[in-house]
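Chain nomenclature is as follows: A, B, C and D, assigned in order of appearance, with residue numbering initiated at 1 for each chain independently.
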Amino acid sequence: MRLRIDVALDYRFAEPADVLLAVEVAQLPDQRLISDLLTVGGAGPLRPIIGEDGIGRRTWFRAEGTLQARYEAEVEVERPAPDISTLPIAALRDLPAEVVPYLWPSRYCEADRFDAFVERRFGALEGGARILAMAEWIRAEIDYVRGSSNSATTAADAFVARQGVCRDHAHLMATFARAAGIPARLVSAYAHKLEPPDFPALVEVWLGDSWQLVDATALAPLEGAVRNCVGRDATDIAFMSIFGTAELVEQNVAVQRLD
Amino acid sequence: MRLRIDVALDYRFAEPADVLLAVEVAQLPDQRLISDLLTVGGAGPLRPIIGEDGIGRRTWFRAEGTLQARYEAEVEVERPAPDISTLPIAALRDLPAEVVPYLWPSRYCEADRFDAFVERRFGALEGGARILAMAEWIRAEIDYVRGSSNSATTAADAFVARQGVCRDHAHLMATFARAAGIPARLVSAYAHKLEPPDFPALVEVWLGDSWQLVDATALAPLEGAVRNCVGRDATDIAFMSIFGTAELVEQNVAVQRLD
Amino acid sequence: MRLRIDVALDYRFAEPADVLLAVEVAQLPDQRLISDLLTVGGAGPLRPIIGEDGIGRRTWFRAEGTLQARYEAEVEVERPAPDISTLPIAALRDLPAEVVPYLWPSRYCEADRFDAFVERRFGALEGGARILAMAEWIRAEIDYVRGSSNSATTAADAFVARQGVCRDHAHLMATFARAAGIPARLVSAYAHKLEPPDFPALVEVWLGDSWQLVDATALAPLEGAVRNCVGRDATDIAFMSIFGTAELVEQNVAVQRLD
Amino acid sequence: MRLRIDVALDYRFAEPADVLLAVEVAQLPDQRLISDLLTVGGAGPLRPIIGEDGIGRRTWFRAEGTLQARYEAEVEVERPAPDISTLPIAALRDLPAEVVPYLWPSRYCEADRFDAFVERRFGALEGGARILAMAEWIRAEIDYVRGSSNSATTAADAFVARQGVCRDHAHLMATFARAAGIPARLVSAYAHKLEPPDFPALVEVWLGDSWQLVDATALAPLEGAVRNCVGRDATDIAFMSIFGTAELVEQNVAVQRLD
């Protein structure tokens, strides 16, 4: 599937502030980046850095006045609908060093508080089937309610409230997986057929000896997901981190199928 | 300063469990590891992996019955008492990729909640002096009270309670630094002259273009600190992570000066 | 059922402290207090005050050195096993003034966070059947695990952890009821056949036009429960509130059937 | 000072819901209610009930469609600027039964978490001077920032964030007082010269043998405050509790001096 992505971010900065942008598509085996271009008006020099785990790129700059960031990319996604149900859960003692950090609880994923629940609800299932049951539980029990959570909402908060947005669904998915001893990381992405278009948060879990995409919201098919960055939770993968204050003028994401 | 470190960890496992041990001294410019030996009785094969940020080693194994882990090391520490007060705070847009994760809040360091306090209390100070003022504030305002916190206590909890142990002091230090836009990571360590001997948690902050040790507890001089592992907060640097349940039989840490 | 209650509380006070004791059996239609006696050694003059909602008595005094509080009571309990399943839920606009405070969230009962869960899980049931379903859910989903909670644990904490002691079961019961618009208060009690004997926390909910006992733990039959005090949550009904620090020497509660 | 109060509350109810209104001025020694009138359009019969602690009135009704509540009152306030600095703190063991509930922590006032801070910061002061120091600390350290808190924000949250609105200032005041063993309750009020006019939350503390008004925000002089209702925290004293959902159409409060 060939996709064209267009992003426009317009913000106004009353005072200069440093910004970390993470909108660029990662070059990965199942998503071939054909071309892309990032242009930023109203900013100092762009300083690209690599993303977490070597995946994707991010860009530092100093914004002042009116920021106009534009990103366009063309990408070929070839990702067969994955069947993870029969993939095995790796023994903890076999986990590689780079995967270990994704076992731990993080700011918005208090995995340490969910041991008993996860064991009770999902403990009887083996392998990837356990992950799929978690995703199904989240879709069934946590209503998608726009405005029901904010930037301080954690997985435990959403678990109690039974409401959230895609960020909260992803946090719960990662939390449940980690509580079951399965490494899990968040992934910022673009998604074809997502309504309204946005930067949805997906989750990757470590099954067998590789990362596997999971979507706890089922808002858009994983086949059309294009990944940018990975991290422990929503903070790490924010599409734009502003170290100061800014006012949103306009923001637009478009994902269009070309073939 | 030449130090000899002896660690004995005896635990009983009613059921087999995977364990990640992080007691080994890191080889670093300011601490030369001369020799060390880790032996583990009551465990399956040892699988060493590298620590976070490439610092130190950790060891995976499966424990069953009575676990007897012994670690001995000889290390030469040459670390002049650092004067960080005049080191500059790096501009955010100059931060290298590997340092960025230490800007974000983590499970026990809710840096995102402390913006206003940190700006109000420490915002007028420049460079390393700001960090030193934070450490001083923590030593003055947070009493060291054994048993006042547990494994679920966060920096915000300790900030309200005004009590904690070294783990909480370190969490507050990292939280304040991150809230000020200064990357900070936790460091597990051995410390000469620490009473009682333990695995104290220290903090490293990114000043100028390097990591600098800070101690928010002042329980033992930094000159005699020997570092093992680094991470975002206490979970990442635990000296032993048990994925299951175990009973502590005996645990001992000794740090002895040889010269 | 005629019951004899014996309570012995021995505490040591390094420094004098005010104490509020709430161990006395309330005189109520379904529990006739035949005789009782409170004696307190190691304390200044006793100052009895009435309990919340006019139920039971509490006693203020100043403790110093070794406190020896003894309470003995004989009480006739005549409380037919209640069938609350068909009692109606009162319309909110018909609630009397004295019942209104028990609609609100309290320190350990964050009823305001449970609206969606309670509506989703129990919303289809009418009247007392809704309350019974809540109690059944709590018994089925929250394991009784000694030591799993502490004095800071809230209903939401126990809901996430899926573990607690009778205090937590009672907090969840009151929380669910209030979230459903049903006033609920905690009740401290003695209970025949409770193993080990203790001061269990029960719950009363407002159905129709009266308070009805509910037990979310089913540790002891409600027929043999003897009530002391009521309040919004565990703090209000503590059997002893010490305004200072004291060391527990020995504490014993015995409930014996006389007929 | 003679004041005229006019309140207009217009809300739209998509579905019928029970409502508890608490806008009526309490008849009290220092504020003589001369006349008042509550009219409610778009509601079923009004059922007045007394307020907490016998102070003020509240009104239950069922709202449907468009609710138009109007309240007008004329009240003579004669409240000399109180000097509480020399009033004594009552010994705990002398506290009357009706005051005891205001010692406990509540949903938004986690007084149990602030013992050490309150002792450290205010412990050296005696009597009402301790209360005044608490109010001064709150005004100095907690910025009034519109929109910085929401209905879930607790005293501990505001303490960490160092920001809040009058509700948060009042919660902190009550929290500090209770942590110092001084009963404290919240008071909903009207206030002359408050900009913009609103239902500000004040605090009353128990000093000597009576309740004394305190204002931790200093937004409007206490001399012109007209009290409605009291309670443990913001939930208890909400001017309107809607048990369901409603849309705000317009809401207006005017307080005008007549003499």
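Rule of thumb we're sticking to: a residue touches a chain if its C-beta (ideal position, glycine included) is under 8 Å from a C-beta of that chain, and two chains touch if they have at least 3 such contacts.
The shown structure was predicted, so the numbers you read here are calculated from the model rather than taken from an experiment.
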Classification of the subunit B:subunit D interface as same or different, half of numbers criterion: same
Whole-Å separation of chain centres (CA-atom averages), subunit B against subunit D: 45
Between subunit A and subunit B, centroid-to-centroid distance (C-alpha), Å: 29
Subunit B: positions in contact with at least two other chains: 110, 113
Chain contact topology (line, ring, star, complete or other): ring
Pairs of chains found to touch, sorted by chain label: A-B, A-C, B-D, C-D
In the complex with subunit A, residue positions of subunit C that touch it: 110, 113-114, 116-117, 120, 141, 143, 156-157, 159-163
Complex contacts: residues of subunit D adjacent to subunit C: 18-20, 44, 47, 49-52, 58, 60-62, 91-97, 100-101, 104-107, 109-110, 112-113, 151-152, 181, 231-232, 235-236, 243
